[in-house]
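Consider the two complexes below, in which subunit A is the common component and subunit B and subunit C are the respective partners.
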Partner chain A sequence: MSSLAIYGERQSGEDVRTQNITACIAIANILKSSLGPVGLDKMLVDDMGDVIVTNDGATILKQLEVEHPAAKVLVELAQQQDEEVGDGTTSVVLLAAELLRRADDLVRRGIHPTNIIAGYRLAMRESCKYLRDILAVSVEKLGKSCLMNTARTAISSKIIGSEIDFFANLAVEAVLAVKRKTEDGKYKYPIKAINILKKSGKGARDSQLLKGIGLNVTRASQGMPLRVSPAKIACLDFDLRRSKMKMGVQVLVEDPKELEKIQEKEYEVTKSRIEAILKAGANAIFTTKGIDDAALKYFVEKNAIAVRRVAKDDMKRLAKATGASVQLTMADLGGEESFDPSFLGSAEEVVEETISDDKFIFVRGCKNLASGTIVLRGPNEYMCDEMSRSLHDCLCAVQRALESNYVVPGGGCVETALSIFLENFATTLGGREQLAIAEFSDALLVIPKTLAANAALDATDMIAKLRAVHNTGQLDSNKGNLSHMGLDLENGHLRDNLEAGILEPAMSKIKSIQLATEAAITILRIDDLIKLKKKQEDDSGEY
Partner chain B sequence: MDSQNNKKNNRDSASHDRQKAKDVRLSNISASKAVADAVRTSLGPRGLDKMVQEEAGDVLISNDGATILSKMRVEHPAAKMLVDLSKAQDIEAGDGTTTVVVIAGSLLSACLTLLGKGIHPSLISDAFQYAVEKAEEILEKAAQPIDLNDRTAVIQAAATALSSKVVSQHATLLAPIAVDAVTRIANLEEPDTIDLRNIRVLKKLGGTLDDTELFEGLVLNQHVNKSAGGVTKVAGAKVALIQFCLSAPKTDIENNIIVQDYSAMDRVLREERQYILNLCKKIKNTGCNVLLIQKSILRDATSDLSLHYLAKMKIMVVQDIEREEIEFIAKSLQCVPIAGIDSFVPEKLAKVDLVEEVTVGTEKMVKMSGIQGKHKTVSIIARGSNKLMLDEAERSLHDAFCVVRSLFRRRFLIAGGGAAETEVAVGLNKVAKTMEGASAFCVRAFADALEVIPYTLAENAGLPSIEIVTELRNRHVQGDTNAGINVKKGNISNMFEESVVMPLLVTVSALRLATECVRMILKIDDIVMTR
Partner chain C sequence: MFQVPVLVLKEGTKRESGHKAQLGNITAAKAVSDTVRTTLGPRAMLKMVLDAMGGIVLTNDGNAVLREIDVSHPAAKSMIELSRTQDEEVGDGTTSVIVLAGELLSVAEPFIERGIHPRTVVNAYFKALDDAIEVIDKLATKIDPNDNKAVNNVIASCIGTKYMSRHKDLMCGLASTAVRTIVAEVDGHKVIDIKNYARIEKVPGGAVEDSCVLRGVMFDKDVTHPKMRRKINNPKILLLDCPLEYTKLESQANVEIAKESDWEALLKQEEIYVEKLCNQIVKLKPDLVITEKGVSDLAQHYLMKANISCIRRVKKTENNRIAKATGATIVSRAEEAKESDLGTAGLFEVQKIGDEYFTFITECNSPKACTILLRGASKDALNEIERNLQDALYVARNIIIDPRIVPGGGATEMYVSKALGEKAKSLEGVIQFPYRAVSQAMEVIPRTLLENCGANVVRALTELRAKHAAGKETPWGVNGQTGEIVDMSQYRIWEPYTVKVQTVKTAVESAALLLRIDDIVSGISKKKDEGQNVSQPQNEEE
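Let's turn to the complex of A and B:
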């Protein structure tokens, strides 16, 4: 023990690395069983008793409240993958942990961490290059079914996997519906424009995709029409209730008659506002705040739909799609109150519809942007939550495939191909990096291994077969299709996964290899851990 | 742990307890050496990182000596001197904060041997002082002058500083950024006045470090207020920086406005509208179309009403400007902050070609480009995939700025990779041979102690350190002044050819500060605990 006196604990060298790596492996072990189409789910109960059932890696890790500083790096890693790609969160953590485990072995065999880091970095660069140049297949080449297949692959591991075709179709249609051309001529698929509404009740199969923006609100009064067309939409961000005086303004009444007048005046202010809006030609009024029941009659008289308490995010989306501008107040430059028709947005129709027992407002045929709404149904709340998470992953996968234009065959195919490639690549190098690259290549196999193990197959046997096939494929360029061989987890043998339609966006794979390597390197570089203790209150007598 | 126990006993028994001079020196030296050992492994391009978990649970991963030490909360008073030492190097040169501590630690162990031989501390101290003066001469001889217009040479120095950091693989990108940034704010006539506070590094999560860019102009971390549908892009902007609020004046808590009549209610509402409208109109009349509003604690800086008016007048609003930012912004835009509506005059506005809000990743920021007039500030937008990485990138950039600044101050470059230290060691050994008495012994010990740098560099890179250092020494004796350790290839080569160079100032200041600190520790012969 050194005589370094610090206020806390300090560990250094081998101990820290091993400890950090153990913590990371522990995290990965939690996720291990949820990888792949036959992966199982986790039930998470928080201290409030709320339950989440999920097999999404990022969601599980977020809920875990990991304490160990190195393990936190892995949690962040999963979240990053979630933000940047949206899918593949479990596999990225597994890969990072496996890289670390193998690095630990190498360090024990007397290889300096810096050499391992250099080797890993080289291996990452080479494998990304190989993936991009050789393994990736362009979307156009495969045609439209490829999108469906990408969606199917993303869904297959999730809770909605039983209704795989149904949801894959839903996701692809939803993403295609929001296609948008950007200024530089490219096409964008903003999945933010897809609204997911959750309603428990009925079965997953009763979920549906609807055109237009769906809002989980109803008309403010039954007297209003169910449908207005064409709709002129006003988006308000202020109250249409009796106007109250500001803080610091006191109303002092001496005469009871005055009281009535003041109340009347309060109504009057609101009434004139509503009239101004209606006069501008609005027939569908949305506000984020409230509307007094007494004020509703003005809308009813004019045959307009008024909706109160719209969520702020929904309001923004609505304004963007219809070209309306959200108004904070009605004041104009003359110091008076008025409402200009140019604030209004337009849509073909605003309609209240009943979808399986519940009422929703739909805005269709918006002037500016296309948007879609997916209504999810499920037997209970947890199921709906998990469905929405799964669908989000799936939407991301489809979007990535469309925007990056390249896909790779899944089912452990890419990992095995890269592993074989790296192994051959390693032997061409002299120097200590060779060992690190060889370990990197082995580490990639953790994905097919875990997939097989989760599917109750003999992992060792399957991987050996898979490697043999890929090796022949890479040696002999005539047998090109052998490099598309992957695991068939249902039947327990090998098949051409490109043909079978097990596809993943190439970008997702590249990102996950990059991110996992970066995270592993971050942890490997640490050789000292200093934990500071909490400062005590009574250290006043110190110096 | 000894020192801790000693201290505890001290405090327990009597507050004025005295320790034997020798014991004190030994305990001081061993405590300081421990500090040096703690940071030793992070030296050099292949050095490793430290993870520090702070008391609140925040995690910090860094390779920067000054950062690690300042977070470590060392307890021993003598060890604290070493922490201060790295801080001093940080202020003086900005880089070499690990080096300075490692050298000090090595010098201290040399002292231990010398003390063991019975040499008096003050003799050692004086000899060290003599040695460091000689060392400086040797370094100056070995250094090569640099022309500041030679951009590549300056970039090389910055890249060397970055090579040891987590961001090393991005050194080729970050080094030119650092050089350009410092060159922009520098005044060549007065190199001592370079104020690094004029460089602002803005950290934005998302993307990778490759997306980091130098921005000529001003970047604000805040976003444009769009709640009333305001504009997000203004060309030919006139920017005002205001420090007052655009909301209805509040009455004091004790006072109330009393309304007795319903017609008065209307008046209250209208009054408020009129008041705000007047403020906005006055602003509009000066031609201002971008408004930066300082954060206010007492009142809302803006109200729905004022935002609405400003949006109608097509004035862009950026609020929540922090008080500390005001100075930087005013300096960048060359405008005067406006404290009240009465002093809102057109002369106080800044003219900017383009102000626009841009989205980076998931976050937004405001960019102002084409600021008229010659402004002496610069902004760097740093991007990174996670927070730890971003923080470390900021620290590394700071080191790179400092290196460039050191070059402006003293325009000499010296070979890195342990070349400078070995050259000094070899030179001092020669000097020692011409001296007599115990001092000669001390100077030789000083020279040998410096070899800790090449030794550690080799060790951290996983190279056979003894072989490398002996070969290096051999090359220097033969007169190859610039031979250093090539960490990437694992051999000895000419550092100027490998473009591993650093400013002379950094090395000289590290040697000088380390020696000073060691001398001070040597001269302590007593610790007196006072209550």
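Let's turn to the complex of A and C:
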């Protein structure tokens, strides 16, 4: 061990780099087979025996519980991509790992990591620019079918890929249903307004898009009406149970009579609260907390629906859509308790509906914000879960295509085009970066290569053909559509993927190149790894 | 190159991938389907499952068997989920779905081994599913849901495969009466909430023939005080979900008593409170008070004096059912009860059956909830009868909501098989092989029926195939009792359309889900988040 007094291990130099990179490649290898329209799924089983079946890179990595620190960077990378773009989580990991593998070779050849990093950065910037300026095609130019195609591409690799048209349509309709104009005249498609409910039963085809917000809750009492219309909605974030003092507060009374008064008061406080809410005109009351059984009758009498234990997220969505403001307390400035009618949101109706064996509450025709609910059906929970993940990716893709307004042809087309471009670009540079950029250019090809390999095609052969086509396309600007050539994985030859409708949002591609490069650079910069040992003696005493 | 092996995943994680994972999944699924295979059809046998607690379950309900079995293979787990879904969605066909899904996977095995891409197989399956549904759609005929005989016929086909097949008519009667009682019309379509409004109450003893559907509800409670009336004609009923006793405060309140008289006052106060409560109830003049919570001795005394019978601690669901049956509103504070909250029934009676008291509230005026009283020899037998009846209830519900039926006894499956087989010829490319495999897999239902009744499987199945191939519209199927090939329209075995379609859909989709898997990672620990939380404070220390 080194002379430095560290309670732990220390590794440095080439050892640590090689190790990091091997770990990253191992991660990529796990994901490899799930890429592309002919990729397969993974089944993940935790120690409780719960099963997840998925094709989504981010989900796989999240569940895998990766231990290696460098590999963790990649896991986070996939998560990042999932949050920012929502789609392309697998490809971003593959790309980052490939970049690292090639960087490792360069380092072995004696090129300093900083040179490689500079080269990678430059390549990334150039390729993003090229992608944005030359390769991207505007959505308007392609018309409405382009949205469908983007959706189709996003789900083609997933379990719902067999019902591709059905779900693509579902996704596009859902996203368009939540269209909203912002103040500066742009359109926004907040996919958070789309709620996905899962219920096993029936078939995937029986999934449906419903208007309004669906909540997986039921009326608090059977005596309440099944439907109120028009609905005035109160969103509460406090208890409607018998009020009690907070923890640890004790009331000391001398006179037993007082006890009765306290009891009476406990009832009265809740009762007056409910009455105030009902008086304000509310006929649909949602609360994140509980409602006392004893208090339900007031709602029943007024023909109002009361719903307890609504999830916080659902509540936020509901408040946003109906224009209600979530009330934390009923105290007003005067020190009294009151409920202002302006806190109420409105919707055309609130109904309870039965799907399969379960009951759901739907809020339809919300005042402020259009919203949709997709109810997914499937043979069992695992499938429903996977369907919801897939659909989420798809919704994201459609949203990105609409908001960024640009799409690029998929199927390895963009990567090959960029690779050719970078190769040519590299030769114009004199410095050591040239080598790094050339490697970057080669690394991009990992996507078409993996796609071809998963489809059991001869990857080397296909890539060579694809490169040749793109090269001609870039040299001779007259043959413009050659730059849209990509792989046709079902039949195993090349085709114009723009025409075939294999489209991905340009923004997703740009983001994934950026994120992958950044992650690769982060790992490349590491030349020292210090692992501290846990102090075990201290632990036992504390926990 | 020399280097230390890099551990990326946590130690103890097991990974299986490629062919091994795929074939492993198929084997596991087949094992599950083999378990329940013999419980299909009228010659089905029961399974006896010993659960972890030492209790026994005697059943031939696919879902009930699988629920008790503890499997470790993830794919098998996924299969077991299927029968649960089927049970929740349509209530019947839980065995068929498992058998069919298992068969669909096992016919896929040769394709995987031959190196056909799972995606191709999956695509073919989905294509076949669409076509199969189309065939079933065409085959379905409508019956009149108000025609008792026709509905009973369908229920009888379902019961025919069960333990209770001897009492077919009785069960049909129970199921259809119960479902007709609780059917409600909402916004133009029928809603039948079996879970909440049709309760099955099992009382060991007596004979199965004594089972009946009550026009009202029944539950295992007795009046709180032995001197209260046990039989009231045309009672007025008050339903409460609050206690009739002095309740403690929600807040922590302590009373410090300095004087002796205060102590007395305190006790007095409690008494006064209960008295006040009871007086308010007495004022409404109900004959019967039922509450979900407790009733103190004092309150019982007051109520008894007013000649009011009282029952305490009924379940929330029970109370809801009583409310539905009698038209009462459940009152949550005795002070606020009104005359209009009271409900009525024809007869209130407490009967002693065997060793226990049971309360009957019957002869209700157009009740919207009911209790089905089941009698039978032993508890285990009753449990199985209940499961049978549950299936029958769901079938009755399905048929009243969607009155389409298809021929049973494997006839529908043979139709589908034949149609798919013909269609396969017109398909181009590799896809036609897995597509044809679906057609073969459909035959598993008639085949299993034949196997279970001990017929000559090969001969009978060939005959059945030939009869279907002749192209006549007659729905030939298997007589599950004798193993003969009979005309289902004569033999009168019909199944609800919804059940059949659900079975096919669920089976195909789940098979597709399992086929798509090429990697199984197990042993991931779940307590990831907690682990991080614990480790954080340590970092700070360092």
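Operating definition for what follows: the second predicted complex is superposed on the first by the 478 of 543 C-alpha atoms of A that agree within 3 Å, B and C clash if a C-alpha of one lies under 4 Å from a C-alpha of the other, contacts with A are read in each partner's own complex, and residues count from 1 in each chain.
As a convention for this text, contacts are C-beta pairs under 8 Å (C-beta built on N, C-alpha and C of every residue); 3 or more make two chains touch, one makes a residue touch a chain.
From a predicted model like this one, the values you see are computed outputs, not experimental measurements.
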Which of subunit B and subunit C A:Gln327 touches, first, second, both or neither: first
First (subunit B), second (subunit C), both or neither touched by A:Glu518: first
More subunit A residues in contact [subunit B versus subunit C]: C
Subunit B versus subunit C as contact partner of A:Ala456, first or second or both or neither: second
First, second, both or neither for A:Ala464, with subunit B first and subunit C second: neither
First (subunit B), second (subunit C), both or neither touched by A:Arg121: first
Subunit B versus subunit C as contact partner of A:Ile262, first or second or both or neither: both
First, second, both or neither for A:Gln222, with subunit B first and subunit C second: second
Subunit B versus subunit C as contact partner of A:Gln250, first or second or both or neither: both
Which of subunit B and subunit C A:Ala311 touches, first, second, both or neither: neither
Contacts on subunit A seen with subunit B and repeated with subunit C across the two complexes: 67, 243, 245, 249-254, 262, 266, 532, 534-535, 543
Of all residues in subunit C, those that touch subunit A in their complex: 3-4, 6-10, 13, 17, 21, 25, 72, 74-75, 77-78, 81-82, 84-85, 88-89, 117-119, 122-123, 125-126, 129, 186-187, 191, 193, 195-196, 241-242, 247, 249-258, 262, 265-266, 269, 273, 320, 323-324, 329-333, 336, 502, 505-507, 509-510, 512-513, 516-526, 528, 534-535, 537-538, 541-542
Parts of subunit A lying in touch with subunit C, wherever the complex brings them together: 15, 18-19, 22-23, 26-27, 30, 33-34, 37-38, 40-51, 53, 55, 63-68, 71, 159, 162-163, 200-206, 221-223, 226-227, 241-245, 249-257, 259-260, 262-263, 266-267, 292-297, 300, 354, 356-357, 378-383, 386, 455-456, 532, 534-535, 538-539, 542-543
Residues of subunit A that touch subunit B when the two form their complex: 1-8, 10, 12, 16, 20, 67, 69-70, 72-73, 76-77, 80, 83-84, 111-115, 121, 237-238, 243, 245-246, 248-254, 258, 261-262, 264-266, 269, 325-329, 331-333, 335-337, 432, 515, 518, 522, 525-535, 541, 543
Residues on subunit B engaged by subunit A in the complex (per definition of touch): 1-4, 30-31, 34-35, 37-38, 41-42, 46, 48-55, 57, 59, 61, 63, 68, 71-77, 79, 166, 169, 206, 227-229, 248, 250-251, 255-263, 265-266, 268-270, 272-274, 276-277, 304-305, 307-309, 312-313, 362, 385-389, 460-462, 531
